[in-house]
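The same chain A turns up in both complexes below, where it pairs with chain B and then with chain C.
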Partner chain A sequence: MTNTQTPPARTERPKAPPAPQAPRLSARDRGTRLLATLFLAPTIVGIVVFTVVPIVGSVVLSLFHWNVIDPPRFAGGSNYGAVFGDETVLVSFRNTLVFMVFAVALQLLVALALALTLNGRMPVWLRSVFRSAFFFPLVLSAASISVVMKYLFNQDFGVVNWLLGFVGIAPVPWLTSENAAMTTVVLVYVWQQFGFSFLLFVGGLNNIPKEIHEAAALDGATGLRKHLTVTLPLLSPTLLVASVVGIINALQVFEQPYVLTNGGPGDSTRTVVMVIYETAFEQLRFGEASAVGVLLFVLIMAVTALQFRLSRRFVHYQ
Partner chain B sequence: MSQATLSFSRARHGLAPWARIAGLTVCALLTLGPVVWTVSTSLRTPAEAFDLPPQLIPSDPSAEAYRGVFDQIDVWLLALNSTLVTGLIAVGQMITAGLAGYAFARLEFRFKKPLFALVLATMMVPLQVTIVPVFLVLKSMSLTDTLLGLIIPAFPTAFGTFLMRQYFLGMPKDLGEAAMLDGAGPWRTFRSVYAPLAAPGLAIVGVLAFNYHWNEFFRPLILETSGHNYTLPLGLVSLQGNLGTGSISVVLAGVVLSMIPAVAVFAVGQRPLREGITSAGVNR
Partner chain C sequence: MTDSHLTRRRLLRYGAYGAGAAALGGTAASWERLTGADIPGRDDGSLVVATLGPAYGPEAIRTLREGFRELHPDIKLQINAVQAVDWSDFFAKILTQVAAGTAPDLVYVATEGVQLFAQRLGVALDTWVKRDAAELKEYFADVHPSLVESMMYEGSLYQLPVEFNAADMYLNHQVLRRAGAPYPPADWTRDDFTTLLRDMKQASGSRFTPYFWTNRLWGGVVPWLFANDTNLLAESKAPGGEWLWDSFYPAGQRADRGGGFRWTTPQATHDRVEEVYDYLASLVQDGLCTRPEGGNGQNLIGVFSTGRVGVTPAGGFWAGGLHLAGMERDGFDVQYFPRWRTQRMQYGAAGYALLRTSKRQEEAWEFIKYAARKETLARLFTTNQTTPARRSMLTADRYQETGPAHWPVFYDTLDRFPDTGPIPAPPQVAEVEQLLLKHTGTALASSRSVRPALRRLQGDLEKAMERDA
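Right after this comes the complex of A and B.
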């Protein structure tokens, strides 16, 4: 879609004098401007007050020591120094990156496989049943779903271990061992989130003209190869969006680890956002929390920029 | 080439249809299983909640757990809070996104491009990065620990604005031009020509807003400190905190109760929801 719509060139009446030096606005144009101002005001004011000012505020706050009670003291870079010296913060960044890599990869793989499989021939009603089923968890709240999953993944009486028992797998300490906890958080997150990428892929596949596949089939492309050489390149813009959105969301993971494990055991599932929450709202160290927030922001921007750079080589537009 | 004809028939069937459908069925069961288990366990008596194998249909269904939820938390109050917050945000976003989207799509004014770029850029800013200053801004307005403090910051919606702009751009321009020729001013043109046509797009914005904010946890957790301002997700997690004394079926009954409106919106608003999500991936 085009970016801006130029107004219809208004045809001047023949007897109108040639435009004078300063083009005066007609009453209608002034009306348009007034209307635009009124229409935009709520959105722009809201965005400035609740996003732009807070971003600047975060950066400023990160340079101060402040606990709300005592007056703020200038801290220079010492909050950042403290953050880099804090084992828990460093671990939380590592955890978040590990989480992001596995959660996004798994989510995209599952979503893509399901969308491609669903794209094959089947009755229309069945297709819509499957589509609804895969997208259903998205409408549920991450917090309440995590409460449910806490029971399902219980080591002793959870249904997951009971099911695994049938294939002879010994009970796994899903939530209580440092090694397994992050896996559980990833699984629960992906279970709820894959529907988002799935819907993007379904939309993207629908946008691929049928003739291209038919032509590829005539040229001898089969099953998997057809997907690799034809479908995926055509789907690459959607893949880019799905991975960008997926990564931005994954770097902000909070509800699942907060409810499932509260960051534990040890710090094994503590994420950056959990650290921001704890530092600011439990320990009232607003300056350090802001420093962590600024670093998270920088990380998100860096990863996204890197992705767009890499994508120049892999994304094809029709 | 004889090979070409051979592979043509294979390409169309890639995977046998029954295998595809069987695989999708297994995945659908995995996706819906936890939800079915939640509903069925909430209907068992607390004593039988841990039974393995889990019975899909409780032998002796009981509403005891649901009574337990009402005993432990003020469900009506939390539901009222959630409804107020979510409903007002949804309506507010439909208004702000509708107006701003129209302005970006159909009106001419100064700084249009940079303002639109600003709106798009804020889609990238994670809430968690700004939450501390937002908290302080709200505190300075005495809006922390109030429902208004949850509602007002959520009115502007970058994604909704983007979506509505696309929506208005997709409408024929001749309509507005005809109205203008008939002497309608910019406001009349919007009010009587374009706004009525925007209803389906606004429905997408409303349903997306409802879904997101009904389930929202992070902001309420930070902003709402007294129990009478809690929304449902907060109440649920507090139910779980009583697990030592309480029971799993009570917690799950609470989960089911809080799911009902989300599921209702899923049933009624499935299409707008899907379109809203899909449009994030195409037409960029």
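Right after this comes the complex of A and C.
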């Protein structure tokens, strides 16, 4: 078969319009731009020095064997191979994910329930007292709180078991049983952290216009139905922020399991950041520790990206 | 009429100028602090000594510094008390200083770090010890050879021990009386020990724990392993060391001494190790002792002094600790660790290690000798916060106020049982300790957990020992 079609006549390409010339900035605008740059400079320098450089440094270090004392030796990808072959590291990733799921879910639930309760009819002074009380643990050092909790939850001499004894409950191995230790760590963590989500929810609830609730009430929505159909959808942007921050924090949990259980019994509460600390500063394998750090970074980025992607479906903006 | 108010833009601009100027001024004013240049002793030719902060308070540091100045007015001395939770934390901080290029000249190092420092960072003291042998004769005559041997690595000496603590058994008199039990004899056995725990439990009710122990290398499972004539890692001795033994110790004391300990091959699945874990698991199951993770030194003094614990392993340091906690000297006593297959016991010692990076090695050696002098130790260890390495310092006077009545036990642990040895601490000690803690927790969950946990411990130890420290 032959092509009988004639080729289209060659036409002249239209001339591209002249590139728009950047408007000449006045001296005043140049001054403004300089001022803006000056204002931003400390932040940019800070981000580069304290965020970008350490991240790049960790990635580079993860390709070397380094024990602080001897010069670094290039390791290629062997640190990553060692990490994937190390059962403790894999268990720590599993523990961290389990911890994240339960800690964040519980934290959001408790914070939301308390915020909704406090948002009801309550004297202003009492509301202030509760807000302060719920926020207070957040400003305390996680390490010192964990030391106190370690005493409280001690199986043999702790106050918690002593109190349970009054109602006939046998001593619970809060921190020394593989079944109970993670639960205890989650409880302590949630107790300390939920104040942040709580404050966010209180702010979010205050931002919901009363008219919408009134309109819903006119349509016959009451109680739980009102919360499910009106309050929660309108609170969804706040929920997204609280869950993103909560998940990032939970994936980096260190102080509570380190002080309360030191990762035990066995590896049952060992988290990824604990493994990074132990591998680097106790076993002097900085390359492997950096490789674990890089993997944690990737995990956090992936989970956060997934959250934002999913948020398109359930986050509603007014 | 003109508007005399500042515009917002102008206000912001002046604010930015002011903030910038303040930032520059502040940075210039605190430049020395920011760069650490104002730290006393840095780059000013001082001999820098790093000590474990919690063990050396300001008073101890002043004592050390002033005493050294009297002896060596020409040497500038700076003592840095590094705050750390434990020895591994302390070593991590020292290594960070090494990495930053600000290494001290001398580091106070316990048994846990002797081989790590010797292998990687330390300078052997052999040349100086031989040179100053006449001066050191009195020191070695006063210090048990086992302590010295624990500071040797592959035939060379790296530290002069100044203190040690053996894992002896502390007993609460109030609890003994309640149980109608006498102070146990020196040759008591593991079975006597178990019977005592049962009697204590029976007499004291459910809110009482007879035996409190901690999950760590020192005072944890390891003393029981020693008593059962085994160890976590097979123990042998490096050749060499005759240069020291022949010069300073009589034939009777230098027999079987070598060039330092070697801990190489893991033996966690050995029958005797399993026996020890089975025994401890049975104590846990019977409610006769704390779960290993439950115990730590922080709450121990409180529960012991109030009679909620009957027995615990501790060293001479506890005499000072209990005294400071308000316990009377006759409220407690101390006895050797009970016999099983042997009555070999466990200790940890400490001294000053000289770093290779030091440019003041002669001055550092003078400090090492000064720190091991009897006058120095006497001025330093006034509250019995530890056991001095010098035998002659253990006197009735020293324990008159703090107790306990049987204080000679502290040094006799070495003299009466000369095979008493240091905790197993190869250069990979940090990982070894971590694995021990982890798998001990799992092993003691139930009697059925022992064997699988020890198998995993063995596998992990093998991997750890194959790695470079």
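Heads up, the rule we're going with is that the second predicted complex is superposed on the first by the 273 of 318 C-alpha atoms of A that agree within 3 Å, B and C clash if a C-alpha of one lies under 4 Å from a C-alpha of the other, contacts with A are read in each partner's own complex, and residues count from 1 in each chain.
Keep this in mind: contacts are C-beta pairs under 8 Å (C-beta built on N, C-alpha and C of every residue); 3 or more make two chains touch, one makes a residue touch a chain.
Note that this is a predicted model, so its numbers are computed, not measured.
*Asks:* With chain A superposed, do chain B and chain C clash or fit?
*Replies:* Partners clash after overlay.
*Asks:* What is the contact status of A:157 with respect to chain B (first) and chain C (second): first, second, both, or neither?
*Replies:* The answer is both, since A:157 touches chain B and chain C.
*Asks:* After lining up the shared chain so the two structures overlap, which partner does A:264 touch, if you call chain B first and chain C second: first, second, both or neither?
*Replies:* It touches chain C, and chain B stays clear.
*Asks:* Now for A:69: first (chain B), second (chain C), both, or neither, which partner does it touch?
*Replies:* Second partner only, chain C.
*Asks:* If you tally the residues of chain A touched by each partner, is the higher count for chain B or for chain C?
*Replies:* B
*Asks:* After the superposition on A, what does A:281 contact: first (chain B), second (chain C), both or neither?
*Replies:* A:281 contacts both chain B and chain C.
*Asks:* Once the structures are superposed on A, label A:35 by its partner contacts, choosing first (chain B), second (chain C), both or neither.
*Replies:* A:35 sits against chain B and chain C alike.
*Asks:* So which chain B segment collides with chain C once the two are superposed: 59-67, 149-157, 185-193 or 203-211?
*Replies:* 185-193
*Asks:* In the superposed view, which residues of chain A touch chain B and also chain C?
*Replies:* Common interface on chain A, chain B vs chain C: 32, 35, 38-39, 42, 147, 150-151, 157, 162, 281.
*Asks:* Which residues of chain C touch chain A in their complex?
*Replies:* Chain C residues touching chain A: 9, 12-13, 16, 20, 23, 88-89, 92, 95-96, 98-99, 120-121, 207, 209, 290-294, 296, 298-299, 303, 308, 428, 430-431, 434, 437-439, 441-442, 445, 453, 467-469.
*Asks:* Inside the complex, what are the residues of chain A that reach chain B?
*Replies:* These residues of chain A touch chain B: 1-8, 28-29, 31-33, 35-40, 42-47, 49-55, 57-58, 61, 114, 117-118, 120-122, 126, 129-130, 132-145, 147-152, 157, 159, 162, 191, 196, 199-204, 207, 216-224, 226, 237-238, 241-242, 245, 248, 251-252, 254-255, 259, 272-273, 276-277, 280-281, 286, 289-290, 293-294, 296-297, 300-301, 304.
*Asks:* Within their complex, state which residues of chain A touch chain C.
*Replies:* Against chain C, the touching part of chain A is residues 32, 35, 38-39, 42, 67-70, 147, 150-151, 154-157, 162, 165, 173, 175-178, 261-267, 278, 281-285.
*Asks:* Within their complex, state which residues of chain B touch chain A.
*Replies:* It comes out as residues 1, 3-4, 7-8, 10-12, 14-15, 17, 20-21, 23-24, 27-28, 30-32, 34-35, 37-38, 41, 50, 52-54, 95-97, 99-100, 102-110, 112-113, 115, 118-119, 122, 124-137, 152-153, 155-158, 161, 166, 169-170, 173, 177, 180, 185-187, 190, 211, 214-218, 221-222, 233, 236-237, 240, 248, 251-252, 254-255, 258-259, 262-263, 265-266, 270, 273-274, 277-284.
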